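Some structures are shown below for you to check.
Both complexes shown next keep chain A, but they swap its partner, so chain B is in the first and chain C is in the second.
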Partner chain A sequence: MKDFRIEREGRGPVQLVRLSGSLDMYSFPRLETQLNTLFQQGHYCVVLDCRDLDYIGSAGLGALIGFAKQAREHSGDVKLLNVPERIYKIIELLGFTKVLQVHNAEDAALGAFARA
Partner chain B sequence: MSDALKGISVGCTDAEVYVRVAGRGTFQNSQPLRRFALDMVERGYKVFVVDLGHCLGMDSTFLGVLAGIGLRLRQGTNGGRVHVTNVSPRNLELLQTLGLDRLFSVDEHAGASANAASPADQDFQQLPESDVVDLKAPLNKNETTDLMLEAHDNLTEADERNIPKFKDLTKFLRENIARRRGGPPPQDATS
Partner chain C sequence: MDTPENVRRKESTGKLQIATPGDGSYLAYIRSIITDLAGKIGFPEDEIAKIEMAVDEACSNVLEHAYARDKKWHWQHRDPEIRLDIRTEDGRLVIEINDHGQRVDLSDYRPTNIDERIQQMKPGGYGIFIMRNFMDEVQYSSSETTGNTLRLVKYLKKP
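Right, the complex of A and B next:
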């Protein structure tokens, strides 16, 4: 099992957060802290790059809905990018794609904020 | 990992049910465990021994299903209980985070699973569709949604400190289920 890692970089008004490893109940508090810190700093436009994510648990997905809702209340959003197919199948099956925007290209994800 | 150590394997003695979890316990393999456990409780078993010695991690749905077993056994009058053994520090932290260390008896070592009453290795059987890396059938959307909601409701019943942790997820799942049934959106006291 790969260790969970978070790397963040600013892309203009959008914060790109790259996730790798397993996002489970054990590691999710680290992402929670990262997102809370970004929100406290006024960064409500966030893209989570999931390319190197090998697992996401149900509680993590549920919590992301809450973060997206919080961001939208401040004219931002939390969007997902490069979700691996096996994870995408699950989040689509459970209907999470109706409330979390998912993009396959970084330009599209970043551009979606500009169009909003 | 050998075939004997994949997914969820179960065995029984006259008095106890033994469950071994190898690999991950997730919402993808929670349903077979839930069905098996309900059947065993119906048959009158009151003690479940869950061996996490080869468990690499559990998600909240899986833990919620275990909590459901514990809650059901606690409702009984004969002191039914879930014993969790061989718990790694990481899994112990998960149990403690959700307050399940107060619902289950937790042994970080082999404990009860190593006692003489435990079934022999060859008497354990792997539950079908319980190895998350080798699932044959696609998950059923409605069944999985129902399972996830029930599991997270179990977690909040087991420890009310879990309510804020899962309120967004349970609200989302309740809304999905209400939509499926054609009813009005559910009232959510937690939001």
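Right, the complex of A and C next:
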């Protein structure tokens, strides 16, 4: 069990946000603040690298699709990258993968914005 | 995992009771206890992930709704606490989540079409659906004397 951490770096027009630890109702406000800040700065193209994420709850998932919706209204998106299999199975089972794009390679996630 | 400060833990054969302060910083500890126990009694990884999420939703609901800061509850003179009574019996895992906050009756909840909510990209309203779909039994009870209890049951093998 690791503390929740967020690291951000710009990749051209896309913001790559690396998440580690658990994304639950306790830690989620920190990601919410980070995404709100990015949106206020006009960065609506965001990739969330989930490689080191060990849990995501429904509050986090629900809010992520809310942020993705906001981003799409500004011609951007919030895409997921490197989602661990255990988490992917749950979000697929619930149906969140129908509206959230999930990629397994950074190039593909970043490139998906160029193709959009 | 070490028991954090301010957590009470009692264990006997087939039974575990843990009581944590009603604070979100203890959710990760609760999840670790649940996943560890579910693994030890033989649930497969996919089912452990569902149990973990259902219990996390239940405890998050307690913090968000039962102990909502802007509302009064019967035992407000006491510090918020979440107590979990966990036991294994007859091939099933029983988890009772107890609080002394305000009553939040799940029977008031109207089932939503989760596919529709997701398609509309609604940011919330998934917690109760998850509990009901990831567990085999979900029962809520409330008493003036003992507080509120949400009982979640998962069968190791379907009867």
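One rule holds in what follows: the second predicted complex is superposed on the first by the 116 of 116 C-alpha atoms of A that agree within 3 Å, B and C clash if a C-alpha of one lies under 4 Å from a C-alpha of the other, contacts with A are read in each partner's own complex, and residues count from 1 in each chain.
Note that in this section contacts are C-beta pairs under 8 Å (C-beta built on N, C-alpha and C of every residue); 3 or more make two chains touch, one makes a residue touch a chain.
Computed from a predicted structure; not experimentally measured.
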In the superposed model on chain A, is it clash or fit for chain B and chain C?
-> clash
Contacts of A:Gly62 with chain B and chain C, given as first, second, both or neither | both
Touching A:Met25, do we find chain B (first), chain C (second), both, or neither?
-> both
Should A:Ala105 be classified as contacting the first partner (chain B), the second (chain C), both, or neither?
-> neither
A:Arg86 contacts which: chain B (first), chain C (second), both, neither?
-> second
Once the complexes are superposed, what residues of chain A are shared between the chain B interface and the chain C interface?
-> 1, 22, 24-26, 55, 57-59, 61-63, 65-66, 69, 90, 94-96, 99
Under the touch definition given earlier, write down the residues of chain C that touch chain A in their complex.
-> 1, 24-25, 27-29, 31-32, 45-46, 49-50, 52-53, 56-57, 60, 63-64, 114-115, 118-119, 121-127, 130
Can you list the chain A residues touching chain B in their complex?
-> 1, 22, 24-26, 55, 57-59, 61-63, 65-66, 69, 90, 93-96, 99
Listed in rising order, the residues of chain A that touch chain C in the complex are 1, 22, 24-26, 55, 57-59, 61-63, 65-66, 68-69, 86-87, 89-90, 94-96, 98-99
The chain B residues in contact with chain A across the complex are 24, 26-28, 56-61, 63, 90, 93-94, 97, 138-139, 141, 144-145, 148, 152, 165-170, 172, 176
